[in-house]
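Got some structures for you, see below.
Two complexes come next, and they have one chain in common, chain A, joined by chain B in the first and chain C in the second.
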Partner chain A sequence: MAKGDPGVTTTRGRRAAPRAKRTAATAGGDPELVQLLTPAGERVESAFGPDGTEYRVDFTDEEYRGLYRDLVLVRKLDAEATALQRQGELGLWASLLGQEAAQVGSGRALRSQDMAFPTYREHGVLYCRGIDPIMPLGLFRGVDQGGWDPNEFKFNMYTIVIGAQTLHATGYAMGVHMDGKTGGDDGEAVIAYFGDGATSQGDVNEAFVWASVFNAPLVFFCQNNQYAISEPLERQTRVPLYQRARGFGFPGVRVDGNDVLASYAVTRHALDNARHGQGPSLIEAYTYRMGAHTTSDDPTRYRIASEVEAWQAKDPIARMKAFLEKQKIADGSFFAEVDEQARAESVHLRERVLAMPDPEPVTMFDHVYPHGSPELDEQRAQFSRYLESFEGSAH
Partner chain B sequence: MSGVSRIKEFNLPDLGEGLTEGEILAWLVKEGDTIELNQPIVEVETAKAAVEIPAKWAGQVRSIFHPEGSTVEVGTPIIAIDTDPGAGPVEASTTGAPAADLPTPSAASLAAVEIAPEEGMVEPGLIGGVAPGGRTAVLVGYGPRNAPAKRRPRKGASPERPATPAASVPPAPAPAPVPAAAPVTAAAPVTAATTVNGNGRPGGLVLAKPPVRKLAKDLGVDLGSLSGSGPLGSITREDVQRAASGTATAAEPPTVAAPATSAAAFGADREQRIPVKGVRRLTAENMSRSAFTAPHVTEFLTVDVTRTMKALDRLRGRREWRDVRVSPLLLVAKAVLLAVRRHPMVNSTWAGDEIVVKEYVNLGIAAATERGLIVPNIKDAGRLTLRELADALTDLVQTAKAGRTSPADMSGGTLTITNVGVFGVDTGTPILPPGESAILAFGAVREMPWVHKGKVRPRQVTTLGLSFDHRIIDGELGSKFLRDIGDFLADPEAALLAWT
Partner chain C sequence: MATETLTLGKALNAGLRRALEHDQKVVIMGEDVGKLGGVFRITDGLQKDFGDQRVIDTPLAESGIIGTAVGLAIRGFRPVCEIQFDGFVYPAYDQIVSQVAKMHYRSQGKVRIPMVIRIPYGGGIGAVEHHSESPEAYFAHTAGLKVVTCANPQDAYWMIQQAVASDDPIVFLEPKRRYWEKGPVDLEAPLSAAYPLHSARVARAGTDATVLAYGPMVRTCLDAAAAAAEDGRELEVVDLRTLSPLDLTAVYESVRRTGRCVVVHEAPGNLGLGAEIAARVTEECFYSLEAPVLRVTGFDTPYPASRVEEEYLPDLDRVLDAVDRAFGW
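Take a look at the complex of A and B:
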């Protein structure tokens, strides 16, 4: 989807002035939460961050429809992967169900030169970066390392170790800054994704310190989906997570992570600040993991149904659909067409997953070093001899 | 599309990571239903979660193989789906094997049908195709398993190879001590003491850091003779020093650290509450389970073990036994092992509809440690010489005292001895470790007045208590087994000559 600059407008107002407006803008909601689209699908003209920054978006109808299409496709492909795991075709899957808006909003806010460092759940961001959704499935199927070229797509490898990628992103962003690639509209920015559980990791806190004192062009994008596997948020923090940024010396903002418009606006603003040399910032995308942490876990054992239902009412796709219908931006034929595209793409994904070849055992020695090593070569030779020792061996 | 690939059976996948089975909670479809791809068809509960499984193919439900409430192994077919129900009846001639109409899946259908790809679509080796060795190519570690895991034969292996020790090595969960790549050496008698050190490493490979090697050289200690206590079984400085100073003695009764019951531990109500966890919880669970499932019978026998004690003294006096820890437990263990050979049924497990009798004896030794009661076992103890048995006992006790007993050491036991005598009591009615059918309590050896050769003499006397599972072992067998142990201890030399 080609998307021009949809003209995010942000103005840094005086703290006191917009207070009444701010309350009005998020009526009934959390005054700390930047929201541009209510769960009922009502558009909010603008919203203010804790430092008085005003956020608004100005999308064309085509762009609104494009965001909706992204959300639906990302959810459908994710559901297909979950089904494939249940059918024994994937070893594991970490579903993004419920977090589509935070990922699509932030993913579409990236400019082509920006670099992203994902966790293992950023399937929506991966999709927005133009990477074939088949790419991570080899990893979860256990037939390859889930590799793509991070430089080609400006999207690093999925990182399984919790929070480790925030340090990678910090180092990368410091490099960008040292190379003098910040300071203008064409400057580069970096975004690091992580979850609420990761904020308890030393790595993440170290990344905060380094990014802060070296003024790294980095956006820390925390999807607070309320649970670190089974541990609830109150076991991670006693203050809202976005407020932690202040202690490290950079701004923090909480955005409605189920609102694709606000997620876009807040991320675009933070990235632009970074690319202009304004240093790091923290975005807490307040959302909810509707499914399990991964397919190996049972969320009904640690959270109650009423909580899930309450979040169901805040669904990111339902509110976008309500908005499009109300504003007559899209009609039934559009929704049907999107659904059909999602169905076709998921079937295509399924077929390609089932056709993934099993790797030859010796290929595990590939790609360890670019040019091999004597010890590795010997190991490979030994292993080949071992495989050949079996009857019926094709080797 | 041929008839074979038209009927597809769906095998229960591993829904978590490394699960082996699941329970069918509810079928969401019934036979004859038309279903869509990814339509939820069944709710399955595993050890980790209850999940709905979506249909892998669209079509018509042909057969449901397992009713609600049944527990199904991963890899077992649970449903058959006709993926082309509009194409008319499936003819037996085109389906080959009885795949057409099966209330339960046949082996032939298992081999032919799972994830049957359209012919020509999938090449051998690809997912769904036939992998080398005849299995269906699926994911490493996941997916269906059509037959019990079977090793492909190695090239050059003789099909007529007689039963080797490797074949009778007990199924210990520990890594196989002999690498699979060496079937020839596996055929040689494997003895724990000679080819494998205490950590299951082949004797040739000794792990030790260079300074430790230097220390061992300086002190004249052979690293190959040590069993390492460091990471990955590596030998530490302490191991070397202990060996050098000859303090490698053991088998004093490990002392039980009583829970801290000092006055300070009690609250105002003069009661102390100790959380039940770890070894205590495990012990409680095992004992309750065993006590209320296996009908226990306990018999007692008081024996004059004076000759055993004298035999031990003579052993200690021998030059080649000089550095070996020799305790009465050693000969009790030997007595048990020899008696098992004469009554193999006592070394068995009640498995519901069958009794599993074991040729190997993984001899458990109950040990009181600071962590609580643990029962490590000596793997395949029946194959050990007396000297090897002594070393294994010493090693077992030292490992337990040091708190280094691994879960592998504690699992797979087949018969147990509990040495309650070290606490100064005469006997008890021990409870069987779950899965075992006999346990012997060895009481204190006391000097007592005893009628010996017609006269009352001071003799060394002990009491044996044997509990056994009456489902397997009748009074006659239990009595004979206990009697044999007693006979050995009353006159070990004669028993050895008579029985071996």
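Take a look at the complex of A and C:
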């Protein structure tokens, strides 16, 4: 996936055409779900969105292997973070388990100039942006609250308040437009991540309105993982989420969020539309949160094992592996090598988390205001004197 | 000298115009700020002269105004957001206190949100409910925000420009019932010559008691001081101008001289700015005080129906009554 633009080709067909165009491999395909790789690992040549857009990918073998590597890596790093929380080294972790394909597919679809606005679960997108996976762990360990520059990484800080970042993404995208950075292949696009629960938030609905009326170069990427902590999708909506886009005046499409190829194709298409000045769109990546909402959650209280097992059969990595094996794109030595890389990177991550120092208490006074504050300087000084008043204080 | 007599509203308009001229990254956004020029006409004529990419009529959604302005700020713009009335800021409250206020802190200084949130506030215009509130304490309580309010046309002209030029997110409170009051404004002096934004100022010197006010209550307290002078009592009136951070240096100096302090605001007294000021003045001036710091404020009720708002709002008599009590302690 290193090289520029793996051949996603999309053409806008007529609504009547899709069925005739499908290959045999699409049998059983759901017209409401764009899928290019079945749970059994069968490639679907192309698939059609609800507006007749045809989605396909044309990756090289190396690119296919790259996607598989990404999927395995982000799952392993995520598992390591969960383990670190269980051992008391992180205060909390929001696992992406089950959502790897939606994140790797959309994350790899971003071009270098594109900007992403994540929630607090987009560790996979972060990884695909080429960002060191240690970066968000300070937040979960409790040594900082993000602390990175969104513009440096083209990846905004994690946003905990549900849906708030969709408005930030919309404003940023309006700014892209105002800067005249849309209209060509080098145009900039913005992607806003959020979940099914967030679609009930006022901010998200306001973002839909704003993006629509200002024709913002923005992709709303909703990972519908079926649960907002304990509440199932039925408590958020009575219509498929992607259909909401229509009411706001832009296209919506539902993609198999456990299919990395389809997630890539749909996102790349939507981003390219946006960068060319064709406005926003909504992608509903239909997936499943295999683990808990966060490490503080107990999903056995609100969902049954058979449901989880059914989704286990749609696992994003297993299907990609099956595909690579069947097509002889990769062999056992490749899979072993990827597993070893994942293991090594997770060990490296663990070592660095354990080495993260706690911040000095007085640093809590830093950065409240861009140019400092005499009032806070005084509070800091008083607090320092207080700390120093203890006998044997190291401060 | 280009000193003109302007209303406070026109002075704000002139200040915003200069801010738009000075920095191409400044954008004004809000409901009805474009063609209409805002319901109070504060942005009158600006869209016509600067275009609809810089003076943006937004959808009717306050959280959207502030939330998108955050994104614009991350991209390097300097958004000036208008909230149409004080009572309509609450839908944007989360974006203001959780996002705007904290972005610089959370990013360890890597993200600045140089945003101005303009809010016409306070009562006295006979409005229906939700149009007369004084929400300053909510914002002054929030670290990361700064809160200022102007009380006369000259300050309005300078302070709005200083706020736009500041790298801090600033809640800029405009005393709506004073929009039509006139005063001299020097339109040409350089911004660098303006009185510092986060500084209080003595609005009337006096020797017998210190009266603190801000925004719409400054005029009320100046009138009270004039009346007191007729009775032979000289009140020192301090216009606070900045509510967060508070600038009380001049206040402490004043109270040490007078020994008496009265704080006046329209907002309810309970946990209002007056409470914080009373605590600080007591701490700093304890041995100089002849009486406790007294407060004259709105009552701890929702803002009442407009036919009784004159009774709700602190006025000249209530200010003088408090001064009398300070002397009778």
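The criterion applied here is as follows: the second predicted complex is superposed on the first by the 385 of 395 C-alpha atoms of A that agree within 3 Å, B and C clash if a C-alpha of one lies under 4 Å from a C-alpha of the other, contacts with A are read in each partner's own complex, and residues count from 1 in each chain.
The rule is simple: contacts are C-beta pairs under 8 Å (C-beta built on N, C-alpha and C of every residue); 3 or more make two chains touch, one makes a residue touch a chain.
This is a predicted model, so every value here is computed, not measured.
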{"item": "In the superposition, chain B vs chain C on chain A residues touched", "value": "C"}
{"item": "Touching partner for A:Pro232 - first (chain B), second (chain C), both, neither", "value": "neither"}
{"item": "Contacts of A:His168 with chain B and chain C, given as first, second, both or neither", "value": "second"}
{"item": "Partner chain in contact with A:Gly372 - chain B first, chain C second, else both or neither", "value": "neither"}
{"item": "Touched partner set for A:Asn151, first chain B, second chain C, both or neither", "value": "second"}
{"item": "Which superposed partner A:Val143 touches (first chain B, second chain C, both, neither)", "value": "first"}
{"item": "First, second, both or neither for A:Gly247, with chain B first and chain C second", "value": "neither"}
{"item": "Which superposed partner A:Leu354 touches (first chain B, second chain C, both, neither)", "value": "first"}
{"item": "First (chain B), second (chain C), both or neither touched by A:Gly130", "value": "neither"}
{"item": "Interface residues of chain A shared between complexes with chain B and chain C", "value": "none"}
{"item": "Chain B - residues contacting chain A, complex", "value": "10-17, 37-38, 48-54, 56, 115, 122, 125-128, 131-133, 137-144, 152-155, 181"}
{"item": "Residues of chain A that touch chain B when the two form their complex", "value": "79-80, 83, 85-92, 141-143, 292, 295-298, 300-301, 347, 354-358, 386, 388-394"}
{"item": "Touch list for chain A against partner chain C, complex", "value": "117, 144-152, 156-157, 159, 161, 164, 166-176, 178-179, 202-203, 206-207, 209-210, 213, 366-371, 373-375"}
{"item": "Sites on chain C touched by chain A in the complex", "value": "27, 53, 58-59, 61, 63-64, 66-77, 79, 91, 94-95, 98-99, 102-112, 143-144, 146, 167-168, 245"}
